[in-house]
Amino acid sequence: MNAIPLVTHHTETLFDSEQMVLSMGPQHPSTHGVLRVILKLDGERVVDLDCDIGYLHRGAEKIFENRLYPMIAPYFDRLDYIAAVSNGLLYVETVEKAMGLEVPPRAQYLRVILTELNRLSSHLLWLATHALDIGGFTVFLYAFREREEILKIFENFFGARLTCHAFRIGGMTYDAYPEFEAQVRAFCDLFPKRLEEYETLLNENRIWLGRTVGIGIISAEDAISLGLTGAPLRGSGVDYDVRKTDPYECYADLEFDIPIGENGDTFDRYLVRMEEMRQSRRIIMQALDRLPDGPVMGKVPKVIRVPAGEVYHSIEGPKGELGLYLVSDGGTKPYRLRMRPASFVNLGALRKMAVGSLVSDVVAVIGSLDIVLGEIDR
Amino acid sequence: MMTFLALAASWAARQASEPSLMERYVQGLKEVDASKFLVLSAIIFSLGMGGVLIRRNIIVIFMSVELMLSAANLNFIAFARYWQTQGGLYAYNGHVMTIFVIVVAAAEAALGLGLLLALYRNRETIAADEINLLKW
Amino acid sequence: MLLVGWEAVFFWMLTLVALFAAVFTVSARNPVHCALFLISTLIAKGALFLLLRAEFVAGAQILVYVGGILVLFLFVLMLVNTRSEVENPFNRQDKVGAFIAALVGLAILGAVTYTQQRGGFFKTKPSADRMAIENAKPDPNAPAGVISADTETLGVTLYTRAVLPFEIASVLLLMAIVGSVLLARDRRQEETYD
Amino acid sequence: MMMTQGPWMLALSASPKWLESLVERLFAYLPAWLTSSLAPTEVADFIVWPLIQIGVMLVVVLTAVAYLTLAERKVSAWIQVRVGPNRTGPLGLLQPAADGIKLLIKEDVIPFKADKTVFTLAPIISMVCAFIVLAVLPYGPHYASITNINIGLLFILSVSSVGVLGIILGGWASNSKYPLLGALRSSAQMVSYEAAIGLTIVSALIFTRTFSMQGIVEAQRSLGIWFVLFLFPSFIVFLISVVAETNRAPFDLAEAESELVGGFHTEYSGFRFSIFFIAEYANMVVVSAIGATLYLGGWYVPGMDWVAARLPEAYREAALTLMGVTAFAIKCGAILYLFIWMRWTFPRYRYDQLMELGWKWLMPAALANIALTATIFIVGKELGLVRSAGGVLQMDWQGKLFFTLAGLLSMFPILALLNAINRNSKSFNLRAQRTTIPVSTRKVKLSPGVKAA
Amino acid sequence: MYLVALVPFFPLLGFIVNGLFAKRLGFSEKVIGAIACAMVAASFVCSAAAVYEFSRHARDNKVQAAAKQREAELQARILGQGVAYDAKTDTKREAPEHKSDDHKEGAHEVVATPYVVTLFEWMPGGTLRLTLGASAGQTAEFSVKWAYQLDQLSGLYILFVTFVAFFIHLFAIGYMHGDPSFHRFFAYLNLFMFMMLNLVLGANFLMTFVGWEGVGLASYLLIGYYLKKPEAGTAAKKAFVMNRVGDFGLMLAMMATFAVFGTLDYADVMAMAKALPQEPFGLAALSFTTGTLTVIALLIFLGAAGKSAQIPLYTWLPDAMAGPTPVSALIHAATMVTAGVYLVARCNPLFQRAPTAMLTVAVIGIATAFVAATIGITQTDIKKALAYSTVSQLGYMFVGCGVGAFVAGVFHVVTHAFFKAQLFLGSGSVIHGGSPSGHQQEMTYYGNFRKYMPITFATMMLSLFAICGIIPFAGFFSKDEILAKTLHTPVFSHEVGLALYALGFLTAGVTAFYMTRLMCLTFFGKERFLEGPDFQEGHSEDHGDGHHAPASKDFHPHESPLVMTLPLMVLGAFAVVAGFAGVSEELTGGAFPNYVHHWLAPVMDATLYPEKPVAGVNWTEWLLAGASVVWALVMMGLAYFLYVIRPELPEKLAQTLRPLYTLSYRKWFWDEFIDVYLVGAFKKLSLGAWGVDFVVDSIVNLFAWLARASSVIFRTVQTGLMQNYALVMALGIFLFIAGMGYPLFKELFMPTDRPSPPPTPQTSRAAQP
């Protein structure tokens, strides 16, 4: 990554040599926030690239060290704001693991339903923006239509559309609202048809194939050595999903499959995510069927103190493995809380994927990596 | 140069006895014959030649060459029209020639600019007075 | 007389445009401006072609010159760095060059004047192939404001009398295509394909 | 080399009687030095009437362009299950006006290091080139067309090729990287696709026998058929090429917002931007008009002469004109709808894919189509199915059937040729390349995952 | 009439189709073979039709009269009546009356009336001055036409060439089956056919030379056909180079011919030559002043000796056996190597006027025949043995030509073509079926093949009898006629004739011996084929396919397929009956006509040695014939005795007669002689050339230095700046216009005494329409 200096403002000569340095972002329509990609171009071909991050840095991990354990939870909603529920789940589970708390089954099932819904919403947003980057504007709006349905459920449940927050250490703040199950079922009934709509527009589309097949290829070995997780890893053919390898909540009781790609190109990642949406729906339907009655909040001390020591916990977020490393000195505040963000690690593969391709492919590859800058910069 | 001046002076003196200069001038303005086109094309041609001789930028030199070529085109067309009005035999020869000149210009531009890019890649300059490889 | 009346007015207007644009083509500092002025003079010349009843050639001139060649020029201008030229667009021999070009222009002008003073360009009438004359001449019965058969005549001429040069020109173009493709390859492509 | 002169066609349609008398009456009030060298009829024919026509045309077309933007938004909204603009005016009909006003009163920014002259000039070139073409379009018979020049089609091609300059210069003058990249892309793209358009039009010329736009319509009228039947492959190539020529999606690389932010007009704002915008839509109108004229009979609809003949003599011309203009508008609208439909359905091509499509698919197709169409025409001529009388083709129903069938069948050799050319291309058959890739998501290799320990 | 031109055309077509398109279009072997054979067959049909048409034409009285008239005119030219020969105009001019020889009028009733088909003028050379002979000092138009000439000689040649070639092509389809470059082989064969027909049909020396070189090329390509065999390449080069020596002579002969006669057309040259007197005999004739024709004839014979493998240029032919067997049969037995005989026979008027050359031809011929025959005795390679047999037979043919019996020589060419082609094809069949690899040529690994290859054996036996001269097989008639004519030669004294005859008679016996030996080793005796290297572990014979595993021991030689045996049978049949076309009238007393003799009579010059009319059956002839048949039978018996009945005897004999055996086995040390004395000497000579190098280089360097020294001044002008050059160009343009236009300016602006131009120039222009 040290091939080119970060400061690259050569305004006096555009084509000094045959290479041109193009700063893509931080204000650019397809860098998904404030990512700045510095491209070194030969004509339209990318010779080298570098990612400049940190435009959204808020010092979250430092803030965590100065907050009581219950107070930290809402901050996690602001990290990956697209998948706030998953982030919240990560935190509460880590603390529960550290404290050895039991979560009531109903709360577990509700958590799974909500995180899977959140996965759907995140993937839908990914599909929308990915298609938009490649020029398919209509898919964008189609995907937002479904996302809107999920957000309505979220709004009813959490009272918020984006920073959804209902998980507490030891369970949930409140139980589901009465129409929750019916609404989720209605959505799940509708969803497969909508998925087919997207696929009608994209799967057999020559232009879509041309833009995605064989673009941004990363081999399984490279994916593992770069630490990729989530769809970028599974698109390369590596069978790894935390829900299967290290099941948390009630995932062990549920039946679902992990889609695996073969070529590791953008199209495979697309296919993997599309199938993941189907599998998420399957999980939701199962969880709804088995949703037990009972309390949603377990026995939790009034003042939450985590025993001294350290604990690592990870879950499968929509964008990959989310990990949290908690070091506690036994007090009411964490000594250190370090996050392993999926987007950040996945972004590291951009250079490997995009160098040698065209500018347009960089956009497609960024889209297929599905990054959120709030999580990367923290 | 003196010879030219003397020639011009004597010509002007000889013309004085004929219809006044102003009358002829206005008449000339009103009636455009082929020679006006030829004069125009001669001026543009020499401008183009000047461009070829004095500009540094090879692309501009190319453009000047195009200027010269199109001046020649104007000549062809003017003559073609002249022969048309005279009931000429092959009045469209001028048009045909013009088409060919355009073709040649296109070919020249394509090749010339290709050469130019190759040159730029190797020499990092397109200034005509910095390229003296013809010497070797 | 080739042009009288309003056509003469248009002639003078277009001539002025063409002349000044040509002057600026040669003298403008920025090469892109040069190209723009060249475009102007070419378009003015195209309009002059229209006055001379050469509609097809006018269209072809604008299509090929402006739409093709000049776009290519601009393309290349953007590819190569021309900033250093703006400071000094002329070379060391500029005064001599301008002088000699002016001399040549004067000489040609003198030739034109001479032939005109001697009573027209070519006094010899073309040999009388009456049939061909009938064909080549615009129909005298055609009313004013009626579209002419210029394109058809030119096409027939191109494919009958001038068919050999036509073929040669096509071969020339082919060679130009092949040559420019070969020339424009960069090093990476050369390594790939050689 | 006997040439058959075409039937004389007026370059300018004569002005109506009332206008001439009006001009004559006006002449009485004008000073003598002005009127001495001009005949009232000429003034009416060559000055006043064309000016009136141009004025009407400008108003109509500008309105049409304005509402085309609205139509695009509406259609895209329908496609995307939205409502579309509906707040300004009934059904959002005042939306174009609101947009225009907004753009007019916005600040007009010229970047500091831009070449100001060229920066200003570029949108003007675009706009002028887009609008100048409108002069030769055959909106309808008689009064409805402004002028009819013998190189109409060539004129349109030339002027629209000049229009590229607007984009290039705009991109260059902004002195910014994205616009420059956009300009480079678009100039390469437009020059390439112009070649395809020119070549595919050549095959159409075999049947039209003239460049004159009215002449093209008349040729179809005299045969009573639309050339799309004879020239189906050419029509397809034309449609694809003009979409690229007008920089529309899926070929909108010059302004691909997800890659180049705004392409060549990234640095433009306010009214200058709106000029580019209008020029783009005007270009769409123009190319759809060319398509309608060349392939869909222009203002001609089979049977319109029959209908007109049934009407009283006095209304005949007016009715014909009305029908013609309506038919022309509908045809243009159909093609425009196709453009909009394409834009909101397809993702965007990549630059190299675009070039490949232009040079390796459309260009060979157009070339092969020229050869095939010429061969078919000669065969038809040798079979006596078509005669050329006075520059106009004549054929019976057998001839029409023959050329229609031959035109449709010529798709196959063209496709075979394209297959042969592109067989080895990397992106030739992506479907086949996906044999290693699951055909659809449902066939993704699903692993049961590692069961929990 | 133009049918003649089609004869070479078909093989050319076959060459083009097979050579250019067969591989690209993926023709199968059948298609390629069918194309090649069909082309040759078409060529044969055309030849037959053309010859038939010609035979009718030649008998036409008017044609005869015209030909005689023309001949008379030409002879008038050459005898130097002071009129320059001009081929274009001579028919119009009045031929000056000249004293006609009385014997000429009565001697030949029929003259040659060749069809000449001119396709185009090939080498228009302009007017040249003749420098030699009677007409020295005159001028002549050098104009070589691409023309084909059909007369009795070339007609006979094209008939048997295309006929034999067709069957050899047919044979080759079977023989070359499975070869990786099948198309190339047949393309070359067709190329050879085209060139051979060009050679035979060419109407002038240069056309023949084209064919001559062309067959050389084809021969080169075909000898070296097996690209992976190094000895094939060497043999090809050897053949090519040795032929060059002969071609050098032929080229000189052509130049001299033009210098003497002013034309290269056969018809004209021969007609003119007939008018010339005979030149003196002996060494005195070896100069251009006294022996022009002798020199020409000797040079021609040098060419013929090269092509026909005569001493001293004979060693390439046995080596050429490295090529495929059909090639050996077609090129190196039947057709190409007889081109020399053809050329000598074609130029018989020249030779007859040069007795020195005749003697050279006869002596070299008989020497070649004898030497080759002796070498043939000890050869163990079946094809080499046959090759030496060919050389020997070619010697016979030249003996026939040398003693003035051109007809007999040509007749022997024809019969030899049949039986030798048959023998080669038979050997090909043996090679093909005689070993697992299909490449075994050593007779020591044959034996008792008659059990396995009955057809091959039977047909080869016919040819054996033919070549040994057993009555009534074909070889008997032709060879016996040569021997008879040698004894009674009109050209030389009787003693010379007797000596030649004796050697010839001896050679005939040797021929019978070694041919029978060949047959015995191959078809009789003990079966030795299992001892061959194919059955040995790790045999290193390189025949391209590179399999080295020993072949299975249960191998048996097998008969070839029909496509190969059919040519054997047909050619064998012709080896039996072909002789009856030329039965000597001396033997039959005119009861049975000598067709060949009568057919060829018009092209054979009989002015010097007129035919003696046949009085009746000449019993001396019968005696001689009987003697030679008995002699041959004796030698055949001896060979059978030595190689079948007492096979251990030859080894002992070789030990006893060691020097003679070595001499024969080492081919009379001729190759060694060339290596040491010719090549070695040349190598030593070329060492001395460095001095020349130095001088030449110094001169060249001097000029280079001069140019560089002088350019010190001029190179300052070369700034290398393009615009500087353009500037000077523009200046030049201005000076040009100004210089050209100055008088006109002066006239316009400073009118001195000329009338002033019209006052208003514009109005004088024609009004616009």
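For reference, chains read A, B, C, D and E in written order, and residue numbers begin at 1 within each chain.
Rule of thumb we're sticking to: a residue touches a chain if its C-beta (ideal position, glycine included) is under 8 Å from a C-beta of that chain, and two chains touch if they have at least 3 such contacts.
Because the structure is a prediction, the values reported are computed rather than measured.
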item	value
Each chain counted as touching subunit D and subunit E at once	C
For subunit A and subunit C, chains touching each	D
Best-connected chain pair, where connection means C-beta pairs in contact	B-C
Identity of the chain that, by mean CA position, is farthest from subunit E	A
CA centroid of subunit B to CA centroid of subunit E, Å	68
Subunit B and subunit C: spacing of chain centres that average the CA atoms, whole Å	9
Subunit A and subunit D, separation of their C-alpha mean positions in angstrom	45
Where subunit C and subunit E are represented by their mean Cα positions, the distance between them in whole Å	66
Multi-chain contact sites of subunit D, meaning residues that touch two or more partners	180
Contacts with two or more other chains, residues of subunit E listed in rising order	723, 727, 730, 745, 748, 762, 765-766, 768-769
Junction residues of subunit C, two or more chains touched	1-2, 56, 60, 68, 72, 77-80, 91, 93, 96-97, 100-101, 104, 108, 116, 132, 137, 150, 153, 157, 186
List of subunit B residues in touch with subunit E within their complex	7-8, 10-11, 14, 18-19, 31, 33, 49, 52-54, 61, 85-87, 128-129, 131-136
Touching residues (chain side subunit A, partner subunit D) in the complex	11, 14, 20, 22-23, 28-30, 44, 131-138, 141-142, 145, 199, 201-211, 213-214, 239, 241, 243-247, 252, 256-263, 265, 267-268, 271-272, 274-275, 278, 358-361, 363
Subunit B-touching residues of subunit C, taken from the complex the two chains share	1-4, 7-8, 11-12, 15, 18-19, 22-23, 25-26, 31, 34-35, 38, 41-42, 45, 48-49, 52-54, 56-57, 60-61, 64-65, 68-69, 72-73, 76-77, 79-80, 82, 84-85, 88-94, 96-98, 100-102, 104-106, 108-109, 112, 115-116, 121, 125-127, 129, 132-133, 136-138, 150, 153-154, 157-158, 161-162, 165, 169, 172-173, 175-177, 179-184, 186-187
Partner subunit C, residues of subunit D touching it in the complex	1-3, 5-6, 8-12, 37, 45-46, 115, 117-118, 121, 148-151, 154-155, 157-162, 164-165, 168-169, 172, 180, 183-184, 187-188, 191, 194, 198, 210-212, 215, 391
Subunit E to subunit C touching residues, read off their complex	723-724, 727, 730-731, 733-734, 737-738, 741, 744-745, 748, 757-758, 761-762, 764-766, 768-769
